[in-house]
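Across the two complexes that follow, subunit A remains constant while its partner is subunit B and subsequently subunit C.
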Partner chain A sequence: MSEMTEAPRVAAAPRLPGWAKPLAFALLPVLAALLAGALVLWALGSDPLNYYTYVVERGLLRTRGLQASIVHMIPLLILGTALIVSFRAGLWNLGIDGQYILGTLTAGVVAPKLVAVMPVVPALFLAMLAGAAVGALWALPPALLRAKHGINEVISGLMMSFMATSLAAAIIKLWAKDPASLEPQTSTIPVEQRLPLLPGTDINLGIVIALVVTIAAHLAISRTSAGLKLRILGLNPAAATHAGLPAPRMIVLVLCLSGAIGGFAGAVELTGVLGKMQASWNPAYGFAVVPLVFLARMNGWAMIAFVFAFSVLSIGGASAAVRLGVPQSFTMVLVGFLLLFLALAEWIDQTRREQA
Partner chain B sequence: MSGLLTETFLAALLSGAVVAAVPLILAGLGEQMSERAGVLNIGLEGMILGGAYAGFAAAVGGWGIWGGFAAGILAGMALAMIMVVFCVRLGINQIIVGIAITLGVTGVTALLHNVYFARTYPRLPAPEKWAIPGLSQIPLIGPGLFDHHLMTYAALLAPFVLMWLYKGSFLGLNLSAAGEKPEALDAAGIDVTRTRTTGALFAGAMAGLGGAYLSEIGSGIFVPAMSHGSGFIAIVLAMLARHRPVWVMGGALLFGLCLSAATALQVGGVEIPTDFIQMLPFAMVMAVLIAFGRKARLPAALGTPYRRGQR
Partner chain C sequence: MTYETEIRADPATGPAQPLVALEGVTKRFPGVVANDAVTLEFHPGEVHALLGENGAGKSTLISMLAGVQQPDEGRILIEGVPTKITSPKHALSLGIGTVYQHRMLVPTLTVAENLQMGAPWYRRPDRAAIREKFAESCRAFGIDIDIDRVVGELSLGEQQQVEIIRALWRGGKLLVLDEPTAMLSPAGVRELGRMMGRMRDAGVSIIFITHHLSEAVEFGNRVSVLRSGRVAGAMSADEVAALTPEATRARIVDLMFGAGVEGDTKIERRARRDHGERAFEVVGLSGKSQKGDTGFSDVTFHVQEGEIFGVAGVDGNGQTPLAEAIAGQIPCQGDVLLEGRALGRADVAKRYRLGLRYATDDRLGEGTVASLPISLNMVLKQIGRPPYWRGGVQRDALIDAHAESLFEEFDVRAPSIHTPIGKLSGGNIQKVLLARELSGAAKVVVYNKPTHGLDLKNIETTRRRIRDGADNGIATVLISTDLEEILSLSDRIGVMVRGRMVGVVPNGPDARKRVGAMMAGESEE
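On to the complex of A and B.
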């Protein structure tokens, strides 16, 4: 019946395929951010076109650069997954950097000892679990504060992150320093006992782990009943409570799960790429991943694509910092612009939908 | 240890506490007004950093200390303008925009620092102090509390001015209404958007001024990311102080004392790893949140954009 009563559409716009609009809304902010970035480069006296071509050449077109970009994706993908898990539930786990750092530290302390006493595969697996456990633990105070007192988890999470960087450095210097090294760092895992490389490349198995985690989480959120509960909590906490979902307990569970994935990300990067944890190590990946997750609209598949693009930008940008003298902090400027334009695009989309 | 308890040492400790507290007082008061009006300003950290860079660059560039303060205020307000346009006017998520501002400013100031100061690392001369006659002669607290740059005294008086503003002026009432029940304010014929804009711009100005104080008076140099979380600490202070400006100052002074004590102990030769000292303020915030978290109260309409006629 309803089909018949609906007014026929007059002069319908040419129908675009379903994926066209999300793609446009993802790409337009990227373009705008690159343009705004070009203005900044120009103001600093660099040639924007030269910079961007150099970045693409170094991060994407050369085999070595491409492999480095793919390796760089490993922690970003897992951290992005951690963020998606919490964002989908309407929670802001911005303490992700602290969880990552302590996960890295844990694996850095535990893994060299474990590989010495047991086969590599179970040893590294245990180290990753340990990293995940510590990540979950570090997410617990903000989670409890949020669930019990309704205190904004953004602020408490950031506090925990600031603490984690200093705590990790202190632990390494006081208790976990490799006596064989002059620098404050943990013992190094021998190269042959790290995650194995994919045949014929410099890319380690971590990328497979990262992709599996990303896709598994995406499917779990979109296809399982637990995922549905998580999304209900995110879309309407009041409705979740009405439906009989234990909101406070879920808040704690979700934030700790997100923290566990964050810690896991650090452990995977340590066992695959870093091999040791240095006291000064604080890449602050979390803030860089936030915009990528929003760009992907919290969709795991789309996030893989955006993380890849960002990795190319980072790896190429690192080369450009050396060769063209444009500091690496320019990448951060781009990410800031991206976030602003993204918010703007979201707003335009929403306004148009309201008017329609 | 006995050398630690000399009068000079304790006076320096107090004086350091005040200087460390001023940026937190200023930014915290700004954030308090912004939160009161319903705008959660996660970009405060970025505004402090932007103010720190602008103030320092202006002072080095020959505008003098006060010119630097003005530049800091302008930089903070310019950044707050982004917040106003995106969050107050368009109603875009305040957390996203706040993160964007903090990230962008961290990047831009690091870039500018790299271009202009990274090779020379200019340093400003020690600030001109203005000792309050009489009071500064009191042993111990005299040199500790009453021998500072003028801006320090202004920051210490600011909470009282704001107290009056909130209790005794229409603007103060409007601000609270904009945060608690914006539709009531609208019904009373007062522009919610304009009221919230005032709150957000004030937060930017105060954070920028706090940043300028940090680089010009506090350290005399600019270092990338030098705000190191003080924006977030200021947000917590504003949250915990609820509606009382004087509490923001009290909290900030406690923090200042803790920061200053850590540095002083180190200078005094007590062996504490710097990493633990850097952890201290954040650990303190978490401890305070855990202990008093129940009492932290935020305005009812905080973080939600106001659209007319929408429920």
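On to the complex of A and C.
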């Protein structure tokens, strides 16, 4: 009886190769997001197809666009790494933007002075270390509050970010202003004393640094004992204590390391692209990267891919904003849709598996 | 509804028909029989004290009365009518109100606001009526709580009184109190006792769950003892009324621990043997759990090579923090000596390396990391140590080989050593845990409730492991709330009550009585 009812159902199910399902679950949400984005564009009165082709052409296909996209990746990759380090340990360093800004400021203050007295390479290296140190320092109060008193690091981190933006502006206006400039900004590093460009391109060495940092962090998290300890802290803090890991100390270390990488991102951006820190500089990269890190499921390799796609969208979207009048923040609309549809796909997958 | 209108049990004619009766109720979960043919009666105007350890099946029993779960076999009769209690709402409509162990009030709202909740969203709560009703209940049960106070500011006892009143309003006939004294001060317990007395006199039937014998004797009109899902014994209302408190107490001790409950003959004790050197010593150890506020103080005992030292006691009397302190997980005062050497402040990893192992009872909560593969969970306490890590880099081949051999030796049933451990059954998780703690140079192993929550087959396997380990010279500390287990495995037995080790007795024919008496709160002297 049961065999008779079973048989046709099995026959009716199409036989798919093993890789087909994961691929479908990765691609369908992307298509859905593009489609939903197209609807929004259409509602705004723009031609979606026109917009998408324009974005791809300007951000990816043209050499200059591609180079701009790659340069745009540099801070995002390093900040993404900072977030992955903390997220994997179950800690939410959302004070990342403050650490980035103070890292940028530190490098902006220190680098022009250093390049004046020593060769470029060690000077910029020291400036980056200084930026990382300040980033770590800025992450310390939330880290200590979390480790000693269990105070949520998200709230205190966000507070520290607000203070960082104001503090950076105050420092520039009061003490670190370049006397030669009318704008409140630090002294500018001469173009030839910034991070060297890769031969034949406009892409600076920062991309190499960013990729090395990202991949090194990924390997460290997945292949070393320190990385395993960090993951255990994130996956099951009680098991961490049971296995004898010093949880409070690790919380401080991880959050400060994340802060250091955040500050480092700012310093790399300053020594490679910006050349100076302006009092109003607050790109909020951190919050653009958070959804990308989640899309990548905190995996370094996947994060590189998502950051690249996002950069192409941003650079292409910036051109499209000028040319087609679609606001540049439309890029974030697409990212939002993508996040939504990926979560939906995950949910469908899970409920189906539970029913099976 | 006022309580005066409730039907009272007429003491002259005796309780005729029980308000609620369980008839041969059985509830199974995968691998466990939580309730096994339980038959109980609950009469109006009676406090029915239900004694039993954690895991004795009390929670399952309550959840069936509260409509959260349905029995697999047997039936529940309400006023004589067989009834299927399909949902918590249905239970309330049948007159069954439950007060759970964990507080269910919103701490940031006032008492009045808490009492208003639960009505349909479209209906405006009748505040004046609620006030009046609350005042009436306060008068009826002799309590004094300001209805406008924020719940979080009330004492735990007062919060509980509010919950009891709310449960009575919603249910009204049968009130289930799940370990209501667990978090109360002695004064709070006395007050609760008075309140129960008044409710009983008003005709309410009360199920009073506790694992304190003295409370059962003091407050219960009728006493039943649950053990391993079965009713191990019961005293009817007449019986309780006829006996003096001392006699009642003695009778309950008999029911809980005495021979004849399951037959002492069933227990096959470990054969006497000569043990080796004193391998392990705990001297004047005191400490406190970081999770809750249970602690232990001034605990001293020793274990010899090849000996099994049982630690008996009702759950929550300081056994777990004691084990955690021995393992190095929590700070403590006093000394832990391994082969005569004080361990001082050595951390978990160091103690593990020296051969002092701790098999935790919280197997998924802290013992393992669910999403990590079995192989990594096998070396969880050796992270970063050679040979499995060199220069901080993980050496998969060695970790896998290690896991593979333990996998075989401990007969773990899983698709592969790379399966996330969270996908395994409880029995197999326990095997991995034991493999980790028994592998290498294990000298002293502390087991915390090693068979808790396992099915029969795995219980047997685990006990054999413990025995074999001891036979091979491991000094063993066996913490268990299952007295049968302690009696069948241990050479000597220590009893913990309220964080203190109140006595140590050698295992033997009279051990059950002596241990039982100590667990029930009578000191050995």
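Keep in mind that, in the parts below, the second predicted complex is superposed on the first by the 318 of 356 C-alpha atoms of A that agree within 3 Å, B and C clash if a C-alpha of one lies under 4 Å from a C-alpha of the other, contacts with A are read in each partner's own complex, and residues count from 1 in each chain.
Going forward, contacts are C-beta pairs under 8 Å (C-beta built on N, C-alpha and C of every residue); 3 or more make two chains touch, one makes a residue touch a chain.
Nothing here was measured: the structure is a model prediction, and the numbers come from that model.
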Based on the superposed arrangement around subunit A, label subunit B with subunit C as either clash or fit. clash
Classify the contacts of A:G336 with the two partner chains as first (subunit B alone), second (subunit C alone), both, or neither. first
With the two structures laid over each other on chain A, which partner does A:K113 touch: subunit B (first), subunit C (second), both, or neither? neither
Between subunit B and subunit C, more residues of subunit A are touched by B
Once chain A of both complexes is superposed, is A:R249 in touch with subunit B (first), subunit C (second), both, or neither? neither
Once the shared chain is lined up, is A:R64 touching subunit B (first), subunit C (second), both, or neither of them? neither
Quick check for you: in the superposed arrangement, does A:K21 touch first (subunit B), second (subunit C), both or neither? neither
State whether A:V154 touches subunit B only (first), subunit C only (second), both chains, or neither. first
Touching A:R323 in the superposition: subunit B (first), subunit C (second), both, neither? neither
Superposition on A: which subunit B stretch among 39-47, 147-155, 165-173 or 255-263 collides with subunit C? 165-173
Overlap of the subunit B and subunit C interfaces on subunit A comprises residues none
Can you check the complex and tell me which residues of subunit C touch subunit A? 327-329, 347-349, 352, 360, 362, 365-372, 376, 380-381, 383-384, 389, 392-394
Which residues of subunit A touch subunit C once you look at their complex with the stated criterion? 223-226, 228-229, 231-232, 235-236, 238-239, 241-246
Residue ranges of subunit A touching subunit B (in the complex, touch as defined): 40, 44, 92, 94, 141, 145, 148-149, 151-152, 154-156, 158-160, 162-163, 166-167, 169-170, 173-174, 279, 287, 290-291, 294, 327, 329-337, 339-340, 342-344, 346-347
Residue positions on subunit B within touch of subunit A in the complex are 40, 42, 82, 86, 90-93, 95-97, 99-108, 110-111, 114-115, 224, 228-229, 232, 235-236, 239, 273, 275-276, 278-279, 282-283, 285-286, 289-290, 293-294, 296, 298
